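The structure under discussion appears below in the form of structure tokens.
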Amino acid sequence: MPKTRNRHKRLDGFQRLFLLLVVCLITLLGCILSTIPNSAPGLADAVARLQERSGVKSPVTAVLLNFRAYDTMLEVVVLLLAVIGSWSLTKSPLPEQDTDISPVQMGVVRLLAPVMCLVAAYLVWQGSHLAGGAFQGGAILGAAGVLILVSDFPWIRTIPALPLRIGLVLGPLFFVGIALCCLFFTGKLLGYPEGTAGWLILLIEAACALSIGITLASLFAGGRPDNTMKKIQPPAKHPPGKSL
Amino acid sequence: MIFLNVDNPSWMITPIIVPLTAGLLCFLFQRKTFAIALSAVLVNLLAACFLIGQLLTCGPMRYSMGGWQAPLGITLRTDGPAVLMLLMTGVTGFAITLYARGYFSFRIDDPGGTDRHQQQQRYFWPLWLLLLAGLNGLFLSNDIFNLYITLEIIGISAASLAALSGKPAARLASFRYLLSSLLGSLTFLLGIVFLYKSCGLLDLDLLRNLTENGPGVRAALALMSVGLLLKTALVPMHFWLPPAHANALAPVSAILSALVIKGSFYLLFRLWFEVFASSITTEALNVMGGLGAGAILWGAIQAMRQHRLKLMVAYSTVSQLGYLFVAFPLSRAADNAQVWSIVIFMAMAHACAKSAMFMSAGTIFLHFGHDRIQDLTGVRASLPITVLAYGIAGVTLMGLPPSGAFIAKWLLLSWALASCQWWWVLVIIAGSAMAMIYVFRVISRFIVIPEGFSSQKLEFHSRLLEWPALALALISLLLGLVAPWLLHILAKGSIDLTQILPGGLP
Amino acid sequence: MITTLLYSMTGLILFGMGLFTLIVHSHPLRKILAVNVMSTGVFLILIATAYTPLGQGEVDPVPHAMVLTGIVVSVSVTALALILACRVQETSNLDLLKKKTVPETAKESTT
Amino acid sequence: MNWEQLLLVSILLSSLIPGIIIFGLPEERHRLRTILNLCGAVVKISLIVIMDIGIYLGHTFEIRMPLIPGVELLLNGDPLSALFATLSSVLWLLTTIYAVGYLEDSPNRSHFFGYFSLCVTVTIGIALAGNLVTFLLFYEMLTLTTYPLVIHRGTDKSLRAGRNYLIYAFSGGAVFLIAVIWLQNVVGPVDFSATGFSPGFTDSHGTVLALIFVLLILGIGVKAALVPLHGWLPQAMVAPAPVSALLHAVAVVKAGAFGIVRIVLDVYGAQNLLLLGVLPLLGGIATITILYGSLRALQQDNLKRLLAFSTISQVSYIALGMSLVDQPLAVIGGLVHLVHQGLMKITLFFCAGNLAETLGIHHISKMNGVARRMPLTMAAFTIGALGMIGIPPTVGFVSKWYLGLGSLAAGNWWLLGILAISSLLNGCYFLPILIRAWFGKQQESWPEELYVGRFETRLMLLLPPLITAFTVMAAGAVANAQISPLAWVRFIVREYGL
Amino acid sequence: MIYPILTLFDILLALTLLWLGWHLLSTEDIFKAVVLFISFGLLMALTWVRMRAPDVALAEAALGAGLTGPLFLSALRRMNRVLKGERRLDSDENRGEDHAKNPKPT
């Protein structure tokens, strides 16, 4: 389609102007960025100094789940919010039952999914001293969930909503719960008691990884579970809203 | 119980943790959600009051998360503006919660209603409570990256809420809103990157104590400001606001217009007048003021031209936001606490008035099935309290005494005259005059009952739909009368620069 | 130092490209892609800032944590935006397609 | 809180509370509504009389409520506010009685009476305001509360009138606001006091203060209907008769005039104004307004419009008196006209309302021989009209006498001439009406005869104008007595030390 | 000695990133753009490793390529399906009417 391509490529006046603007802006920012002296100390030293007290060996995990655990707590909530938002938007448009999945794929998925779960568990565990942690583990879990969803196992449709919700909320709720327990015992929100930091972080990470996995899979599913679904409605037939 | 002491800073986390937990529980249980939500907003309101009391007795406080001190750990802090914003959120949020209950039960009880309303209510509560937690987190946070995350929480939940109504227009508006908000957050994040590269710090108090303000810091501030302006919908970056606010469900519109926008504005203001106050130039302040003036005029003109009530109210938000920015250039004539006082008055009055207006508009929409201004004659006969609430809120928008907006405008005009900047006076007065026109264009329709008009007898009548709006409108009107008390809190809560020591690891 | 600069500039240019595409193009998926590219650009600058060559000390872990957080946030927002975009498409296409299909069917009737 | 402050608050509440209750009452509870209204009015009058006595005996009535530094709400009962408050409350009582009769069986009465009560509360607030901020507060609220009354009929015409009213009033309010803030910036917070601000400012900021004075007068002149800011007033005549009576005689126009008095006497003070040299300006505007209003009134056929233009003309006597602020006699004349004009004008409006309500007469040309059908009403009207012309022993004569004496004392012969011309013009437009009504022959049947009964019209419509007309005569006849408006105004002028 | 090689590698990597980024943003075909985006994500993972950020690299590999890609693809499929389904449904419904109403096409 050369014609459309041409039309596409040609920029109108506004676009040219905007391009110019963006180029200028980026150049300006680039100049500024290059002139910033690299003298800022950063927080590396602080992390290194406090590493021992964090209960984990990996500095990134220490920052994520101890020094700045509050950020992570809120961020797990962000993930959950995305799911709530997507559930509020639409039902899950799972593919039609009649799409045929090759048995090879089914077999591979059956084999791969448990392995991925294992990998995820390993990543979570490894997070305390090497690269890895809740997010990575959760991401692998989520990928496993995506595989299962794509292969369209019949039991996916029958997952009741409540356990799914429990799985989704588990991570954030557990995080908040631990935080409040810490508040109770040490007087500081998320201030882990002496010596328990490592274990608590591992627990939190495990719960969060599970939740993140489920969250990502639910996001892939693209909507709330529809347990009453006998016949699958194509989303287009969904009546458009009438009022407000 | 040592942590139950009044002077324990741990109380600060209540307004964040309680709505957060309640939101999670609401999502988990999906039954008795109103009870959970109501108790959460009630606790939130009480916590805000308690924090004010704490501020008055013990002064500003800082709280280090997990006991990790500033450069590395995340700190929260209370000061005058923050607790007042919490109070604003608490009061408005409480009323909105009650209203939302009335709104949803009205629609669910409607015989023509479908399952859709049930679904909307089910997802409204967790989204709203998490949004509330995000807002409170924003007001209290003292760490710039943490602020980014709270902004994201607010942005995502607000966009989801805006799409809740299920109308195609609402979804489209919500998509635009989400993208704009994302663009805003990303620009803000780029600013954080510049800041971290230049200073290596994330804590606002420590950043404030840095005397160095090289080009890096300036660029960071500019980027963060642009991001926040996009989220605050200052003209000309307001394009996403009117459709998103006007097409949402009425309680959602109230939340978006009253609270969400104030969050990003508060942050912007804090950055400009507290953290980077030393790098601000007069030109930059004038640019902001100019944009604010543009917003006042443009928003008001658009509001006057609208045919739909909710769109009109949404454009009036655009206009009212301008006043907050006109305060920028005039700040040179006043000291810091005064600038805060004007912004706080304006924000609080606008939050209460605008949510009351959206609630009234929503109630009218529910009962009449449309919100075309032309056809809303004689609404007073069927919904007197709603119309009263709308009228009182309108009076606040016009900035008549004794509303909080009047106090704010008084201060603005006073500074403008004191520093001989005539043009601001003209803009402010013109904005108020146009506000008068667009408010009264509607009110005169509402209250006139032409001869031979038979008022519709309404079958459903929910008190929850009418009284919260009236209460908020009255609060906004009488805000000026409690002005000394608010000023007292602001004065008490301004952080003394010398109190904050740099560094300080445990 | 030069590495940091190189990657920072790359990140900045990615940001700019994303910004341009986000504003200029109208397709929702492309807009979401553009936002993703933008966020990647920002993360790249941040990580490049923290970078210190091997043997010259520890890498600052705080930006890494920030980027991790940011990536997760961006994934979740992307997912939400995609679903929203689908819903927009589903409802808005009704009108759009009806306009389109008239000439199509007309063509069929003439042939 | 001592009893004086309590009294001030209860004066305001005595009409606010009935108003709020009335809003909540269902439409058909008219008996309860009437009782509430009348009780409120009577209570208010008695409270205000107590305050008057207190002020006379030298008590101070004052409530302060600081808002922000430099801005505070201040309610203050001084002799001047007592004058206005007493006038308003007495006329409110009469107007309420009249309105009950007037609006019998018409729809939306709870709405009407609710705003009516609020309106009076606000007017009393204006009377009691102790500084410019408080004055401004009530001044803006007055616009808000009278607006629903103006558009009460709901016709397109009334909506248009309402819109114009709002635009005029709020523009005036905005100018006034700017002027107030500017003034505060220059001289600091100003309370209403007998001397005004310190004369030192006049030397240092003369031009600015003069400009601010002009702005203040412009802002307030909208409500006082000074030419050329009078456009809203004749249009607002579409409102029901009690509203017109209230707007013209008690609330809005009078509030504007009262504001001028406050600004001249209390904010600037005679001394400052003389130094600034802006008084001739005020006098000039007042003169133009007096003549213009009278001339326009001459051309009217619609009775209410004629009365409206007559109001424009008459209210400016007050401004005229104020422009001669250095002459105690002129000040007395102006101040006492505040009361006298209210009494006379409300009588006229009551009568015009009676004509319209009983016989459907809106135009002068239809009034031939109406006095034979409604002798009492027309008698009251005649007294009011003669008062307007200034024929003794009515109160109108008293005001004009003092104004004339004041202008003579100031050596302004031309002002005396203006007064004479104005009286002549008043005669020109009122006397033909009187002649037509008393001696004209009824040519055709009345436009629509709405009421036939024992009296010439409903008793509740008849009594108020009779009472006010009697007062017009009595207060003029006993002007020199111990208790009369004139006596109180003399007391005020003594207090100001003029 | 290792320095120039690394720099060369860096430049190559950066240029590839930019090239990929530009292409994925400007290509006509959305599907192609998504595929390019996935490869872009993988390349980013490589960059993170280069920047000594293994945690981020892992997350990027798993999230950026492993999840965002499928998310985009499924959204694309959903949109296309809607488009097709809509068209089929639409034309089915309208064909008869169009024949009846608009015998003369413009």
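Residue numbering begins at 1 within each chain, and the chains themselves are lettered A, B, C, D and E in the order written.
Methods note: a contact is a pair of C-beta atoms (placed from the backbone, for glycine too) under 8 Å apart; a residue touches a chain by one contact, two chains touch by 3 or more.
Please read all numbers here as calculations on a predicted model, not as lab measurements.
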Shared chain contacts [subunit A and subunit B, defined touch]: C
Chain pair with more C-beta contacts, B-D versus C-E: C-E
Geometric centre distance via CA averages, subunit D-subunit A, whole Å: 71
Distance between the centres, which are taken as Cα means, of subunit C and subunit A, whole angstrom: 16
Rounded Å distance between subunit A and subunit E, as computed from the means of their C-alpha atoms: 19
Whole-Å gap between the CA centroids of subunit B and subunit E: 37
Per-residue overlap in subunit A, given as positions that touch at least 2 other chains: 29, 33, 42-43, 47, 60, 63, 68, 71, 75, 78, 81-82, 85, 89, 133, 135, 216, 219-220, 222, 235-236, 240
Of all residues in subunit E, the ones touching two or more other chains: 55, 59, 63, 67, 71, 75, 78, 82, 86
Contacts with 2+ other chains: residues of subunit D: none
Touching pairs - complete list by chain label: A-B, A-C, A-E, B-C, B-D, C-E
Sites on subunit C touched by subunit B in the complex: 15, 19, 22, 28, 31-32, 35, 38-39, 42, 45-46, 49, 62-63, 66, 69-70, 73, 76-77, 80-81, 84-85, 87-88, 91-92
Subunit B-facing residues of subunit A, complex: 28-29, 32-33, 35-36, 40-43, 46-47, 49-50, 63, 66-71, 74-75, 77-78, 80-82, 84-85, 87-89, 165-166, 168-169, 172-173, 176, 179-180, 182-184, 186-192, 240-241, 243-244
Touching residues (chain side subunit C, partner subunit E) in the complex: 2-3, 6-7, 9-10, 13-14, 17-18, 20-21, 25, 27, 29-30, 32-34, 36-37, 40, 43-44, 47-48, 50-52, 54, 59, 64, 67-68, 71-72, 75, 78-79, 82-83, 85-86, 89-90, 93-94, 97-98, 101-110
Subunit C contact footprint on subunit B (complex, rising order): 72, 145, 149, 152, 155-156, 159-160, 163, 168, 171-172, 174-175, 178-179, 182-183, 186, 189-190, 193, 196-197, 202
Footprint of subunit A on subunit B - complex, ascending: 2-3, 8, 10, 13, 17, 20-21, 24-25, 27-28, 30, 63-68, 71-74, 107, 116, 119-120, 123-124, 126-127, 130, 133-134, 137, 145-146, 149-150, 152-153, 156-157, 159-160, 163-168, 170-171, 194, 196-202, 214-216, 219, 223, 247-250, 362, 365, 369, 505-506
